[in-house]
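Across the two complexes that follow, chain A remains constant while its partner is chain B and subsequently chain C.
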Partner chain A sequence: MNKSDKLRLAEKFKTDKRLWLYAIAVIVVALLIALPRIVSPYLCSVVFLMFIYIAYAEAWNIMTGFTGYINFGFSVFAGIGGYASAILIIDHGIWWPVGWLLGGVFASIGALILGSFMLRLRGSYFAIGMLCLLLAAPVLATTEYLIPLTHGGYGFQFVQPVSDLTMYYSAFFISAATVFVAYKIITSSFGAKLLAIREDEEGAGSIGINTTKEKISAFAISGFFAGLAASVFFAFQNYIDPSSAFSAWYNSLPIIMVLLGGIGTLWGPVVGAVIMTFVEEFFWSVLPETYFMACGAVIVLLVLLLPGGIITWFKSRGILPRTRAI
Partner chain B sequence: MMISVDRDEEGRLKDGKNVLEVQNVTKEFGSLVALNNVSIWIEEGKITGLIGPNGAGKTTLFNVITGQFRADKGKVFFRGKDITKLKPYQIARRGIGRTWQVIRIFPNMTVLENLMTAANLRERNAGEKALELLELAGLVAEKDSYAGELSTGQQKFLELVRILMFDADVMLLDEVAAGINPTEQLAALELIHNLCDQKGKTFFIVEHDMDVIMGHCDKVICLNFGEKIAEGTPKEVQNNEKVIRVYFGA
Partner chain C sequence: MELLIIALVEGILLGSVYGLGAMGLSLIFGIMRIINLVHGEFLMLGAFTCFWLWFLLGMNPIGATFVAMLVIAALAAFLYKVAIFRVVGKFPLLSRVLTFGLAIFLWNFSEFAFGSTFRSVNYPTGSIGFLGSYLSVNKIICFVVALIIAGVLFASLKWTRIGKALRAASQNPRVALISGINIHRIRLLSYAMGGALAGIAGGLIAIQWAIYPSIGQILILKCFAMVALGGLGSLPGALLGGVFLGIAESVGTMYWGATIAGVIAPLTVIAVFIFRPQGLWGVVERVD
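Showing the complex of A and B:
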């Protein structure tokens, strides 16, 4: 690089604020990649969890934030993905990356099938319907028909297929991929159609939007990333059984994170997931008995103080630009 | 009315040449007959007005044509094809666009995004097309504003050009001139005439402002209590006894 090139670069840095953002992004990414070599395995496992939560929250946001259809059955797809990958890897000896990927694919197919009739319900009926599915899922997993597949209440105790380090990087990649796909969606005309459904579904139909098809597509994409992230998550947990796969807590977490960070925004779920990871971890270590309650109190406070979520708050005050890319 | 070779005795173009035809449509809501055996036809490239007192069934007729309601009896044809049972989005894609009595833009989306919602996913130059349409509507400067922040007049323009985004040929406008100032009204009418004359778009408009109807429509249809009571040139309808009775009670 010669002198004039450097000068031009410096000039560009001054004029283009976005370059600063890119620089910060590069530093953050480099730091996250180097993290396992710097900090303790414990902290690494917290950051691993953060990646999973980011993917969960963004996946939930792709469906609910963009189309406005409140999905109270997120864990159904996480559970399908977790089970599918466990069955494929443990019982069928499928190579782990393929098993994880297929976990996402199966969750996506599940979303496609369930979505094609659940999404004919609107508003609160859809929300209640999904909640019922979530309650039905663990029962279904322990029926005699599915026990050969799911091993019933025992579930799977798996010997981890890969090292913690590989899982850390996989989770990192999956969370980045989820955010990237969400970015691609929200800045495209497909994303505009999803937002149109959220704003006014009948109006959207009158301008040629096949609302059923677009909703199901969003649901399937959301399900894919839920299942993919869950595959890695349950591999890290080292076991999966009906109550952990379809757990109410992991069903609520993404919802809380998205509401905290800013529903329907691209970076809201990421911000919410990062904050909630550390809030949850902090309370869990300080108040092991009452940490659900403590988390609940924090959520109530934040929702009261920041009703639209953090990103929305910043946008409405003009601190952040009001673009879909944020 | 002049009867030429390719028209039937009612003045209707023969052989399905009318771009839009409603045949004997009846729509009931419980005991209320909103539309009673209504037949109308719309010619391509013309502006047709629809008038009638409140509750006459004007908006119901629009809803039946665009598939929001399904007719209990009768059929709707678009370019000779039966569209009675199609879903609203399918009818829109065939080329029938509509606006609503109460504006239905997407308030929490930007003006540009509002247009992009109506873009065909396969369209390559959707962005450029959207900007051209915004130019037409005089909204280029507002493209990144939230649609909900626009004035009523601007919102009506936005709703109008959004239909053009998916290349609708027939545009059903529900009270386009209501609630906007006279300058905007003139601009809207000019836009409608331009689209009609230069691009061959067909308009079917519900309107309460008689100056708009009488001054700008090629044909006027009058509904009352779900029945068609008059049809013809603005002048004919203006002098029709039934219409006078409905409007003035004389």
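Showing the complex of A and C:
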């Protein structure tokens, strides 16, 4: 067997593998689309949450995994998106898909504005600054100056505008869109620039990358999907108030998921979100009091034992190819 | 005018207690270059240790505060030995997420073990008249304790061998290592000392205010504000930052109400980071 034969064989093997992957992907997508007609509404709501979590985790990953800037203020953008859509849909009677989309747009604008000065901070300063924003946000939302807009501590009660089925498909679409955009980013030159910033920001700047601009773009994209997913999430929850919108819990959930799956990888957040959704559901039904405690312990153990996450571990073992597209 | 003076005095009394906690955070940051996100939980656990010692054993709250110092120092040393030392000097994301996870664990552990009700130490010492108003003697005792602790800390850092080694490790860890300082022991010591300071500050907080498990989240925010004001890694800066924040909060509460006062700390941090990252008094220092 000469060299060209070998190459052709390898090529054939690769396309075979690809075909298998495409087949599996099509089956999974078809299954997810058909799911509401097959299983109980309860399981459907779990899968709905899974979609939201995938979007959350991937949005967090676009910022933190790709640029290395630890965003401890994820809930700020989710909260802005949720509030914007609630205000627009409930108080101004805007058609719900437009309201949700505008929720994402407002979160993205918020990320642009906050990012334009927060992203001039580095390392520890950025991490502390974002944590401070997160803790200030619910207080700001309840101050008397913003009560006409946010209704203060009462928050909003949604009169459900859409059926659960529509929400399910919307969440499915949003999570797919988030992963698709993340894929487009990581395989493009924009993604390469972000990774360069993560590895060595000075070096990236010295070869002519406008690091601040790239970081702010990543921040705005991350904010858009956070806000969009949060709009649907809060519509599903039926209410939004300052403590739920800017909750510390939904702030740390994406962090756990991304760490579990593999930070800075494309599919890591998806894997982490799928696992965590079912772990969460299991814990809620078995040991609700110790759930948060267990999650803290899981974060600690992950950092100590599996710092790269599942996908990175597979990559280092050679089970998965080491490409940026996985 | 009198109101302003009262607010200033209240602020100084408040700030000295806050400052102790912030000094611990700053000490840990200065020596290990990690942000100790567990610090708020150390303060909260210190407060609860003081409360339970007083509540169950009937100890004097001030004495209980010193026991809380030892307990939290031991807890910090344990956490360092088990987990923290593995991430010191590594990729900064790891230490941030690790301490974040520990904070979530300890917070929800106390939520689970103690319940989320408000508790407070009943330590009646009366009050004294001051400019037509009243000042609780509790706060003055806490202020004195805080000053003594800060004084002992500064003196030991200045004149003892271990204090010199700590300062050397903070200024230049490599050279400290070359000149024969056991840097791992110094790191362990600094983490335990940070915990001790948090424990005592937590105890003093329990004497003055109501405590609850999620108070750690609020306290760590204040610690960040103080450390930011004083410059990351500077100890006297943290204490002064504490006094500054205490004054800003009590004056802010007096003039604009309690909701606005809650935003002062976080917005101070962000403003200081952007406009004066070296802190109000601090020296210029590069951080990762």
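Here, the second predicted complex is superposed on the first by the 301 of 326 C-alpha atoms of A that agree within 3 Å, B and C clash if a C-alpha of one lies under 4 Å from a C-alpha of the other, contacts with A are read in each partner's own complex, and residues count from 1 in each chain.
Just so it is clear, a residue touches a chain if its C-beta (ideal position, glycine included) is under 8 Å from a C-beta of that chain, and two chains touch if they have at least 3 such contacts.
Model, not experiment: these values are computed from the prediction.
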Touched partner set for A:33, first chain B, second chain C, both or neither: neither
Touched partner set for A:202, first chain B, second chain C, both or neither: first
Which of chain B and chain C A:120 touches, first, second, both or neither: second
Partner chain in contact with A:299 - chain B first, chain C second, else both or neither: second
Which of chain B and chain C A:287 touches, first, second, both or neither: neither
Partner, of chain C and chain B, that touches more residues belonging to chain A: C
Contacts of A:165 with chain B and chain C, given as first, second, both or neither: neither
Contacts of A:192 with chain B and chain C, given as first, second, both or neither: first
Touched partner set for A:211, first chain B, second chain C, both or neither: first
For the chain A and chain B complex, residues of the former touching the latter: 189-190, 192-193, 195-196, 199-200, 202-211, 322, 324
Interface residues, chain B side, partner chain A - complex: 66, 68, 87-89, 92-93, 97-98, 100, 104-109, 113, 116-121, 126, 146, 162-163, 165-166
Touching residues on chain C, where the partner in the complex is chain A: 29, 35, 37, 83, 86-87, 92-94, 96-98, 100-109, 111-112, 217-218, 221, 224-225, 228, 232, 259-260, 262-263, 265-267, 269-270, 273-274, 277, 287-288
Contacting residues of chain A [partner chain C, same complex]: 68, 70, 72, 117-118, 120-125, 127-129, 131-133, 135-136, 139-140, 142-144, 248, 252, 255, 259, 263, 289-290, 292-293, 295-300, 302-304, 307
